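Across the two complexes that follow, subunit A remains constant while its partner is subunit B and subsequently subunit C.
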Partner chain A sequence: MRARRWRALLWLGPSLLLIAGVVFYPAVALVRSSLGRYSVTGLFQGSVGVANYARLLEQPALSTVLVNTATWVTAVVGVTVAVSLALAQLLHQDFPGRTLVRWALIVPWAASLIMTSKLFVWIYDYYFGVLNHLLTSVGVLSRPIDWLGDDATVMGAMIAVGIFVSLPFTTYVLLAGLAGIPGEVYEAARVDGASAWTTYRLVTLPLLQPALLVAVVLNVIYVFNSFPIVWTLNDRNPGFAHDTMITYMYKIAFKSALRDVGLAAALGVVNVALILLAVFAYLKTIRWDDGAPAAGRA
Partner chain B sequence: MRRAALSLAGIVLACVVLAPYVVMVLTALKPDAELRVTPPRIAPQTWRPSNFWDVVSDPAFADWLRVSLVVAGVSTVIVVLAAAPAAYYTARHRFPGRTAFLFVVLVTQMFSPTALVVGLYREFFELDLVNTYAALILTNAAFNLAFAIWILRAFFASIPREIEEAAAVDGCGRLGVLARVILPLSGPGLVTAVIFAFIAAWNEYIVALTLMTAPERKPLTVGITSYVTAYVQHWNHLFAASTLAIVPVVVLFALIERHLVGGLTAGSVK
Partner chain C sequence: MRQRLRTLFVLTAAVGLALVACNRGSGPALTVVIAEYSKDHTRAFWQNLAEQYTKQGGPKVDLRIIDWNSIDQQVSTMIQNNQPPDVLNLNSFSSYARDGLLYPADDVVSPNTRDDFLDAFARGGQYQGKLYGLPILSSARAFFYNRELFERAGIAAPPKTWDEFVETAKKVQALDAGIVGYALPLGPEEAQAEWSIWMWNGGGDWKAGDAWAINSEPNVRTLGFLADLANRHRVTQVNPGRTNRTDGAFQLFKDGKVGMVMGFSPLAKQLDAEGKVKYGVAEMPTTQPRAITLGVEDYLMAFKKKDNREAVKKFLDLYYQPDNITKWITAEGFLPVTKSGLERMRANAALTPYLDALPNARLVPTTDPAWDRVKLDVQQNIGLAVQPGGNPKEVLDQLQRNAVAAAAAR
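Now for the complex of A and B:
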């Protein structure tokens, strides 16, 4: 048994080293930093216990940032999943050109998020952006809107981009779920004379539930962690009025006058804890497959 | 009739999804003077494909491209070298700690470096590795490892043991079997793992933004943003560079489309 353990270590070694060095160690460094005080140049100036966490709670921007994060995650994930259900239903059908449509859907998924974000900064532009031009010329708007500068529209504009880039992955997960539903159950529903909508509600949706769960939880994690969209589209606005917990953390650590490593690390620990919570909830609900060896799975 | 309606819906969907990227390409083809006109025009009046040439011949762009290629290329090699033995061993053997290992791998897959970025910065700052290729390469390799382990494991598990046993009889060592028999038979899995790891590193932003502050050490994702700042607004160059960066990865992504979901959801969607 001991010999096998050592042999396993040999085969898993490189992976373990990478995970330990670049995932586990930074997590430890994060916790340690959250308990320390640092100069603006990043030098350690001694331990302060949990003082950074106490200071975090006193930050005037904190409540806004929490509300923003909740809005951002709920709206992006909610709308993405709802729209993806329809898209998956469409792409599950067989029609001429389906492969091309599926390829088109890949583009926002494959493209760098920072490039897509910059693209939308341009599209949303007050003077030169296509969006205002389009909406005013068809009469939806009587005058242009400063989408990324007006406090009333920034969050909505960011959420729209968040949905746009989350649709492909979500649709693909749901498509895989649909592909796993055996054709016979639809046959049975048809014989029973169920309408298309009834069949969808009573047959498809319940059988799609596992895929739906995966789509929701993974999206919650991805969208919570999302950085480039909020970072780029909210770039012009001073302060923290439209930041999420991730971009707020980043600004505290690296950008604002604060450059407060300890405070940012404390928020980082909170972020990591929230993600871990979601990850564990996810792994508890899915039947994650540790693949019995040589069981002949494809 | 129904198929025609579905096709129409499909075309509408494709147009909506692609429309922003059409704006990207058309803006990339505009001369400077046409960028700041109101009302804006969608298509250029004078087509300026030479914008692409301007970008390609920009020495700064060459630096960013080189960094992106090195970081994505080397981190992908590391991913495969580390993932293949782990995937093979966990697919073929039961041993103490196997489930724990796979659990840790799953957890890292769902962790993007974003939440850990302050800790990553502290680590590399203390090791004096800020602004080095090594830091960015290792970070990308570690966070893209899980997907590769998962996808390779599924392919390895589907290869009949008899083939390996035959190779072993012929005098192949364990690593020899992996390199000469298993990997060649897992072609699609290997291609998927390689393409995914490459694209993920190619598109990575936050760690590069944080660690690579020297101009000649910035990858494309970070570098191209300097085409549009508070002082200069070369949207056409920004989008020409973006187009050049996006087109190849879209093609690569389309190649592995069928395997992506399985790898990203770690076998939970059947």
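Now for the complex of A and C:
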């Protein structure tokens, strides 16, 4: 018995070491940093207890950034999932060229986020951008809009890019979910005379729930933690008016007058707590653990 | 049994390899961190210098070329982890000197090297009377104008005063719907540079004596003037408070859409290479008896570490050999920081306007450790003043309050 346990540990060892190294150690280091005071240069100057957390609450920009983050995450994940449901349904059908379309959908996912963001910076550009050119030449706009410089449009412009890059992954997760639904249930629905919409609502959606769950939870985490899009599209704007918690954290550490690693680390800890809380709340509301809809767990 | 032996073997091998990998990093190699000034020249030059150094009997060099966007973060991380580099290149130094991390210059460069520094740059590297920030290269801003647009607008010469400047900008702006009179970049990338030039030519300064004077009366007037350019005269590009330098103002100028911009020698190099825009270079328009330009000095600094002084000294003296430093500065399109370099670069006529401007160029107060915060604060906030409805006085008052607080804090 003991020998078996040893052998198991031997095999698990490398991955346990890996987890300790890349998950556990950074987490401990983050918490430790959040309790320290650092010079502008990054030099450790002693421990300050929870003072960094208290200072975090006094930051005037915090409420704006929190609202931005909530908007960013809900809008990107919400629209992404809705559009992906439709896209997955489409790609689930058999039609000529389906393989090609499926491959094409991977492209925005495979491209580097920084590159995609830079590309959109130029698409949105006031003077050179394709978008303004297109909209003014067909007469939708009478004059160009500074998409990334106008307070009214920055967040929307960023959300659009966020959705664009999140669609592939989400669609594929849902597509896999659709592929896992057995054909008999649809046959049964047809025999019962259900309309297409009723079938979708009462058969497909409930059976898709496990995949939907994965898609939403992973997307919430990815989108919340997304740095390159907000950073790249918002880099021209002064202050914190359009930052999310992640870019705010980076600015606190390196790009604002605060220039404070300890304060940024405290925000980092808060970010982890927030994301765990959000995921937990989501799982609670869909009653993931106490007898979720039986069909969904089939 | 055999299986277990094999497992044991694999594990031992893995641990062994890991140890070997660790060991390579902790050798006596000299860690040199250099900012990437250009993709083409930076690595090539420093790689070569490192090889030369090792060949002359120095230790191996662990050379790290880091782009400007992430260098602050990476250096901060190195220092947090107690693994500072031996030699670091950056645009600030005084906070590092204040934190007691650096060797004073006398410890790490020979007297010959030290005496060769141009006086202004040697002064710009001092913290509390001692030289810590060794000048690595410099640049000076100049006023660029588009000759073709000037001709079309019937403008004979570049403006010398601010009134002339406004008139000129209006004429250029009126040429065509897509044409901009003056490209004003007050977005976060380099706002402090643009602001410094206008501020000095408006008669103000960052400090009065030892105290910060960001919200002085001339400065409020100057920022009001810039806000008027944007919102009253409407002679700038859209949202100047939200335009960065490189991909905003310079890009527009390179595309021939802009009448005037504050440029520097690397921009001239790019314009020459592209050959699309015919441009002229002049002095800044000013309200002062004499036009003032901004000089920018970047630094090399040597970190105090156990037993590294001799190795660092050898490396720095090698860089400051006139052949080496001039070769690099020329390749990157920047300006000299040494007397010998200034002489050598005189041969290039294209550089004359910048070299002439260099002795009169003013530097931002990098010698004050509070500057590292003030600079970031200005970058992040001054743009707000030139947005519609922005309040220049309020913005400057806030910057001043923060600067005073930063100077008081440690």
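To be clear about the criterion, the second predicted complex is superposed on the first by the 272 of 298 C-alpha atoms of A that agree within 3 Å, B and C clash if a C-alpha of one lies under 4 Å from a C-alpha of the other, contacts with A are read in each partner's own complex, and residues count from 1 in each chain.
Everything below uses one rule, namely that contacts are C-beta pairs under 8 Å (C-beta built on N, C-alpha and C of every residue); 3 or more make two chains touch, one makes a residue touch a chain.
Since the structure is predicted, the reported quantities are computational estimates derived from the model, not experimental observations.
Enquirer: Check subunit A with both subunit B and subunit C modelled on it and let me know: fit or clash.
Expert: By the criteria stated at the top, subunit C and subunit B clash after superposition.
Enquirer: Report for A:42: first if it touches subunit B alone, second if subunit C alone, otherwise both or neither.
Expert: Both subunit B and subunit C are touched by A:42.
Enquirer: Of subunit B and subunit C, which one touches more residues of subunit A?
Expert: B
Enquirer: Looking at the overlay, does A:253 come into contact with subunit B only (first), subunit C only (second), both, or neither?
Expert: both
Enquirer: Could you look at A:127 and tell me whether it touches subunit B, subunit C, both or neither (first, second, both, neither)?
Expert: A:127 sits against subunit B and subunit C alike.
Enquirer: Is A:201 touching anything from subunit B or subunit C once the two structures are fitted on A? First, second, both or neither.
Expert: Neither: A:201 stays clear of subunit B and subunit C.
Enquirer: Tell me the contact category for A:190 with respect to subunit B and subunit C: first, second, both or neither.
Expert: A:190 contacts neither subunit B nor subunit C.
Enquirer: Answer with first, second, both or neither: which of subunit B and subunit C does A:116 touch in the superposed model?
Expert: The answer is first: A:116 touches subunit B but not subunit C.
Enquirer: Using the superposition on chain A described above, determine whether A:261 touches subunit B (first), subunit C (second), both, or neither.
Expert: It touches subunit B and subunit C both.
Enquirer: Both subunit B and subunit C contact which residues of subunit A?
Expert: Shared contact residues on subunit A (touching subunit B in one complex, subunit C in the other): 7, 11, 14, 33, 42, 127-128, 250, 253-254, 261.
Enquirer: Over in the complex, which subunit A residues touch subunit C? Could you list them?
Expert: 7, 10-11, 13-14, 33, 38-44, 121, 126-128, 146, 148-150, 235-239, 250-251, 253-259, 261
Enquirer: Mind listing the subunit C positions that touch subunit A in their complex?
Expert: The touching residues are 4, 7, 11, 14, 72-73, 75-80, 95-96, 98-99, 101, 178, 186-189, 191, 237-239, 241-244, 247-248, 251-252, 255, 257, 369, 372-374, 376-377, 379-384, 402, 406, 410.
Enquirer: Which residues, counting only subunit B, touch subunit A once they are in their complex?
Expert: Within the complex, subunit B contacts subunit A at residues 3, 6-7, 9-11, 13-14, 17-18, 20-21, 23-24, 27, 35-40, 42, 78, 81-83, 85-86, 88-99, 101-108, 110-112, 114-123, 125-126, 138-139, 141-143, 145, 149, 153-154, 157-158, 161, 199, 202-203, 205-206, 210, 220-222, 224-225, 228, 235, 238-239, 242, 245-246, 249-250, 252-254, 257, 260-262, 264-270.
Enquirer: Show which residues of subunit A lie in contact with subunit B when the two form their complex.
Expert: Interface residues on the subunit A side: 1, 4-5, 7-8, 11-12, 14-19, 21-23, 25-33, 42, 87, 90-91, 93-98, 100-116, 118-120, 122-123, 127-130, 133, 136-137, 164, 167, 169, 172-173, 175-177, 180, 210-211, 214, 218, 221-222, 225-228, 246, 249-250, 253-254, 261, 264-265, 268, 271-272, 275-276, 278-279, 282-283, 286-291, 293-298.
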